[in-house]
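The following block contains the structure, expressed as structure tokens.
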Amino acid sequence: MTERPVDDYKTSRKGKRVKAIETKRKSQPLRAPETGSALQNLSLSHGKRVRLWRLLYGSGPANGTLLVLPLDQGLEHGPADFFPNPEALDPDFQFRLAVEGNYSAIALGVGLAEKYMREYAGRVPLILKLNGKTNIPDDEEAVSPLAADVEDAVRLGADAVGYTLYVGTPAQPSDFAQYLRVRDEARRLGMPLIVWAYPRGTAIDAKGGKDSFYAVDYAARTASELGADMVKVNFPHPEKRTDVPEPYRAEFSAQQAIDAVVRSANRTLLLVSGGERAGDEAMLEKARESMEAGATGLIFGRNVWQRSRDESLRFVAALQDILTKYPSA
Amino acid sequence: MTERPVDDYKTSRKGKRVKAIETKRKSQPLRAPETGSALQNLSLSHGKRVRLWRLLYGSGPANGTLLVLPLDQGLEHGPADFFPNPEALDPDFQFRLAVEGNYSAIALGVGLAEKYMREYAGRVPLILKLNGKTNIPDDEEAVSPLAADVEDAVRLGADAVGYTLYVGTPAQPSDFAQYLRVRDEARRLGMPLIVWAYPRGTAIDAKGGKDSFYAVDYAARTASELGADMVKVNFPHPEKRTDVPEPYRAEFSAQQAIDAVVRSANRTLLLVSGGERAGDEAMLEKARESMEAGATGLIFGRNVWQRSRDESLRFVAALQDILTKYPSA
Amino acid sequence: MTERPVDDYKTSRKGKRVKAIETKRKSQPLRAPETGSALQNLSLSHGKRVRLWRLLYGSGPANGTLLVLPLDQGLEHGPADFFPNPEALDPDFQFRLAVEGNYSAIALGVGLAEKYMREYAGRVPLILKLNGKTNIPDDEEAVSPLAADVEDAVRLGADAVGYTLYVGTPAQPSDFAQYLRVRDEARRLGMPLIVWAYPRGTAIDAKGGKDSFYAVDYAARTASELGADMVKVNFPHPEKRTDVPEPYRAEFSAQQAIDAVVRSANRTLLLVSGGERAGDEAMLEKARESMEAGATGLIFGRNVWQRSRDESLRFVAALQDILTKYPSA
Amino acid sequence: MTERPVDDYKTSRKGKRVKAIETKRKSQPLRAPETGSALQNLSLSHGKRVRLWRLLYGSGPANGTLLVLPLDQGLEHGPADFFPNPEALDPDFQFRLAVEGNYSAIALGVGLAEKYMREYAGRVPLILKLNGKTNIPDDEEAVSPLAADVEDAVRLGADAVGYTLYVGTPAQPSDFAQYLRVRDEARRLGMPLIVWAYPRGTAIDAKGGKDSFYAVDYAARTASELGADMVKVNFPHPEKRTDVPEPYRAEFSAQQAIDAVVRSANRTLLLVSGGERAGDEAMLEKARESMEAGATGLIFGRNVWQRSRDESLRFVAALQDILTKYPSA
Amino acid sequence: MTERPVDDYKTSRKGKRVKAIETKRKSQPLRAPETGSALQNLSLSHGKRVRLWRLLYGSGPANGTLLVLPLDQGLEHGPADFFPNPEALDPDFQFRLAVEGNYSAIALGVGLAEKYMREYAGRVPLILKLNGKTNIPDDEEAVSPLAADVEDAVRLGADAVGYTLYVGTPAQPSDFAQYLRVRDEARRLGMPLIVWAYPRGTAIDAKGGKDSFYAVDYAARTASELGADMVKVNFPHPEKRTDVPEPYRAEFSAQQAIDAVVRSANRTLLLVSGGERAGDEAMLEKARESMEAGATGLIFGRNVWQRSRDESLRFVAALQDILTKYPSA
């Protein structure tokens, strides 16, 4: 009996009420969707917006683009990466380079941040890389364990945190679980979250490898779906078509591929990584294509600092030239 | 000695007291059981009832049926799902479609919800999909890790949460453990819980595959036993009889199968999924059979938006036509 | 030096003091041990005693014996169990049967409890089954994950909780860990804990299987050692002697086996399960032997409800007849 | 500049200050190290000291030695252990034996403690065995999961807790983690912690088995290093030399071996276990050798109660005779 | 519209403001980087600085170098390590040696610390080793579980904690997770954290073994990147070139290798371990090379105490001689 009144009410008056709501809903025309990923168009909390503003407009190119210097190779690959330029073994080299090269930020882990920030505090923003691992064991079931948390980043005055997500790893349940904790803490503290979206693991190897267009495209979308504010990807290689799933077996140009990846990231700001050192002109071409596609910026480490200080600065200047051509309001 | 009085009391007077209780118990006749799953008949907390009412009567068909637009394919299958209709790569396409197609709700993860809700807030209810995974590794021991929690759903103004349970996975202990946390939080916050009940894993493969009548029927009952408020299943294929356990090796029509599945879900509202894109007429037939069986609604994604906007809307109209024929008070 | 006084004290006076304590200890004669498991003899907190009293004397046979109707087969075996009597697919069938058959309690999981208790609240006590799993993957390393907790049982007005412990599973560390949490919470909330003690897993298979006298006897003792208030076992099969360890390879009658199992459970109340449906007379004989051995009651599901309502009630009446012959004060 | 003063200070004055500290440090002569493990010499919190005093001087032999009756075999080995003396299947048998045999304590798990303590409370101290497992699966990666915690021990009025550590198990990370929690809680609550140090697992099997001198010696030291207050070991078998690592391949007498084990345990009180039932004279000889080596006491179960009550008491009397010869102040 | 003002503001005035910030940033010249790892140059909290000062200047050589006596071999290798000098089986031997040999600190686990600190409290600082394991199972997936936490260290008056990190183990996710907890707690409590950085596991074995230059160099950098305050490494063996990755296949002298390792540790203080006992002169040569390379000190156990007390002290004196030649302000 107690449900009856509700029932009566519904049949007698609800129809009209619902109709009214529907009419209202439809009478307010939908705005044209926002295009691009300019900061002002993004849905962000105040804390994230303040910190992203500092990275995009208060440092480095300061035109809405980003140039980030990563220094996690000592953990990820070991000191071997510093043999080509022994000076670079001292983290002071990269910090100095970040300041003199007018980088937007330097990205590194808690150990180096704590040991080297004193001299550089305020001169270059910090992106605290929260997780990492050695490359000693293979990557078949790769997962990158946390070595710091978002509160460390707040304590150190960082303007963003970085999290490596191994997209497609058979260990994705534990990777996602760890990521969820980070995303939640970043939300609570208003800290922008940058996902290093790296395809990795046996299944990726069996489907064309970690830098195919398929893998990079999927990685970009995954970061967006999981709530990253920014995603870092490697430049896609559409020419690697063996074993990749359809529809990635068709022919795509490099520009087409990076265009698609940027669109897959949709409203997630996108950084393109330099990766292993390669020829300068090829690297600059990739940088140009990335920015042309709508990427927000570049994250170049080894390609810069695996050479002497002067040569490093010269290469950085070339990157800066590109970035100045792609301002974003 | 201290137990003695109780003992005396029991032998002298308890018999009568218990008799009296029993008489009372039996003198109150049992009501005829409630039939169907109409909202008013279900045992629900106020919070869940309010939110389910909004989905069933305050949006979409608004006649007690549901039409849900899912957008988790970018994570679950990758951007490849959007190649047939490149416009659909931009989540704005699906949001706009949900509003213009008069869907009851859009179901997606925390990343897209946070990035795209601003323009559509209030115009279409949100079902926040809490867990998900890439399809890069195989599904032998599938488990879908959480990427958000029920508090995220509350924060985002959602009217329900979705949880993918891989029924029959060898990893069911960790899946159930994760599910328990979600169910408990959903209960605490009055948030309806929709279980995507997907048979998956090596054991399911060995027993006839993930879309047999056996598998779907078991999945529906599992969701109900575990306390889901609503369950989403794929349409059962009773013709897939190889390797399925008895008594599912007998011949059943599609209608018989979906009828049984709805009864197995008992007082758990049931949504039937469109799944991969197939012929329109076949899809509409499945939709009709589902509603005829007593399903509460339909959840159709790829079958709708893997075509142009106008064609999408045309197909949605056909689904709406069906739903209007199955109002539920 | 600081220890010295203690030392002096000890040599000078401690001897006498300890002697006095010992004299006192021995001068108080030990009472004859309590025999049987009557409620009044058991060490129980008030909360557990109240709830067990309701099950033993306030419901069903109400003579200190128990008749429990289990309804977890939909999760444990799938809807296939309901094909012999399709009416039984609707949980309302079993709830009604529990009331009309004068059962002591109905045992089921949180989903069905929440969905069906409204009509039956108070008419039949609830035993909330806390964990469960599908039988889709094999049982080699079986563990039954929690789907509810003891607070759910309190919230739903249950009079006991059930926990399935897979005795002998290679996964016993995680099973015990989960069980510990439940036992502790049950203690805190005064909720009787019934352990479904099921031998299971590769090692059990290699040692004679899950229903040998060895396996069932070990299971009963395990539940007692781990602090269960009541234990549910399957009827032991002493004739299954292949591969069982000594001394179970000797010949034992069914009565000898169930006698031993009841003694192994010592002060833990014991329920004997009907298991798969078998011939009525054989089932009733097992029931008689169990009660003769000192079991507290019976838990019969499929043997009852895998037939029409009237036949179900007839079989229940036969069980009730047996129970009335074994009152326990 | 801010560091300068410290620097100046150091060169001008620090040297002298440090010298002064060093002079002071060395001018206080080191006391001769305490020998033996008498309670008064041990570093213990008040709570642990009170409870150990009750075991060593307030119960049983009451001369600083211990005689402990273990009753965890029903869980560890199953009811089979009670077939030689069916009376012993009822835990009341062992409780009564503990009182009448003047044992220092009875050691058992939470289930039997809760069910049987009422009659024996205060008459014999309780050592609550916190973890345990069935012997149904093999011990290749043995770990003994918790079935109770230290707060249960406090609640039940126990004077110590027991923890089985499977020394050398490949699962040592999870074993140590569980142990750490127990040690910490025992410290917080002033509860003495007795480690059942059992070599176990594939690696132990490959290195000479679980009762070699090597294995037992390592187990005793492990318990000491991990902070046990007391350790229970099996009597070492120096004659088992196959596969044991150097230097245990040399010849050692039984007395030499148990002497070494007691020294390896250093300030950790040591109990020697009777283990499986063997010839009485051999058992008593082991007991004598153990006490001669400096053990604190004996823990004998099956060797005692796998015979009738009178025979049990006679054997206990022989053990008591030995213990009275090794008083410890 | 709401975004507009920000936009206007940016185009009209932001350019100038950013310029001003940049000018300021660049007009403040960068100081020359601090060289070496002297305490005063390091970024440390007050608590860590106080405790490190006590180790470096308030104890032992007291000239900014360290000489540490480790006593974790009883757990890590078993009592076998004490057979060469049976006196050393009693931990009192090492404590006394630490005081008489003027060590900077003794490093051991919670069990020995609690049992032996009473006599030596204040006479020699304590480094509490938090984790450890037996060497009974192999090291293929080595991880060293915690047996104590940083609060134990505070409670025991320790001046640092030690954590064994198995660099390169396939179990690095669980190792890092455990480490993170320790690092965080150490930070909170101002407790210096010394990482025993040990390359270990199948992947290290496949890449040249645990003491190659490659492995030790990577280990030193890993500890620094993860935020250790001090790192303990074994002396590198550059002559082990088989299977090591490039560029470690080139020829390096021992001095070159240890120089590189110290630089890889950058601002992390570095201790060189003596390891297994070897020839005295070779050990002293390694010690000299280490200090020459810029190491902070030495951690020598077995090389010292696997001989009589007098011989031990003589060898310690030789080590002290070396350390006095490398004072650090």
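Per-chain residue numbering starts at 1, and chain names A, B, C, D and E are given in the order in which the chains are listed.
Assume a residue touches a chain if its C-beta (ideal position, glycine included) is under 8 Å from a C-beta of that chain, and two chains touch if they have at least 3 such contacts.
Source: prediction; values computed, not measured.
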{"item": "Any chain in contact with subunit B as well as subunit E", "value": "A"}
{"item": "Chains in simultaneous contact with subunit C and subunit E", "value": "D"}
{"item": "Rotation in the CA alignment of subunit B with subunit C, degrees, nearest 5", "value": "70"}
{"item": "Approximate Å spacing (C-alpha centroids) for the pair subunit A, subunit D", "value": "55"}
{"item": "CA centroid of subunit D to CA centroid of subunit E, Å", "value": "34"}
{"item": "Residues within subunit E bordering two or more other chains", "value": "174"}
{"item": "Chain contact graph, described as a line, ring, star, complete graph or other shape", "value": "ring"}
{"item": "Subunit B residues touching subunit A - in the complex, by the definition given at the top", "value": "40-41, 57-58, 62, 72, 74-75, 78-80, 83, 89-92, 96, 99, 102, 109-112, 114-120, 122-123, 132-134, 136-138, 143, 145-149, 171, 174, 329"}
{"item": "Subunit B-touching residues of subunit A, taken from the complex the two chains share", "value": "3, 6-7, 10-11, 14, 18, 21-22, 25, 28, 30-31, 33-34, 42-43, 167-170, 172-177, 179-180, 183-184, 199, 201-204, 207, 214, 217-218, 220-228, 245-248, 260, 263-264, 266-268"}
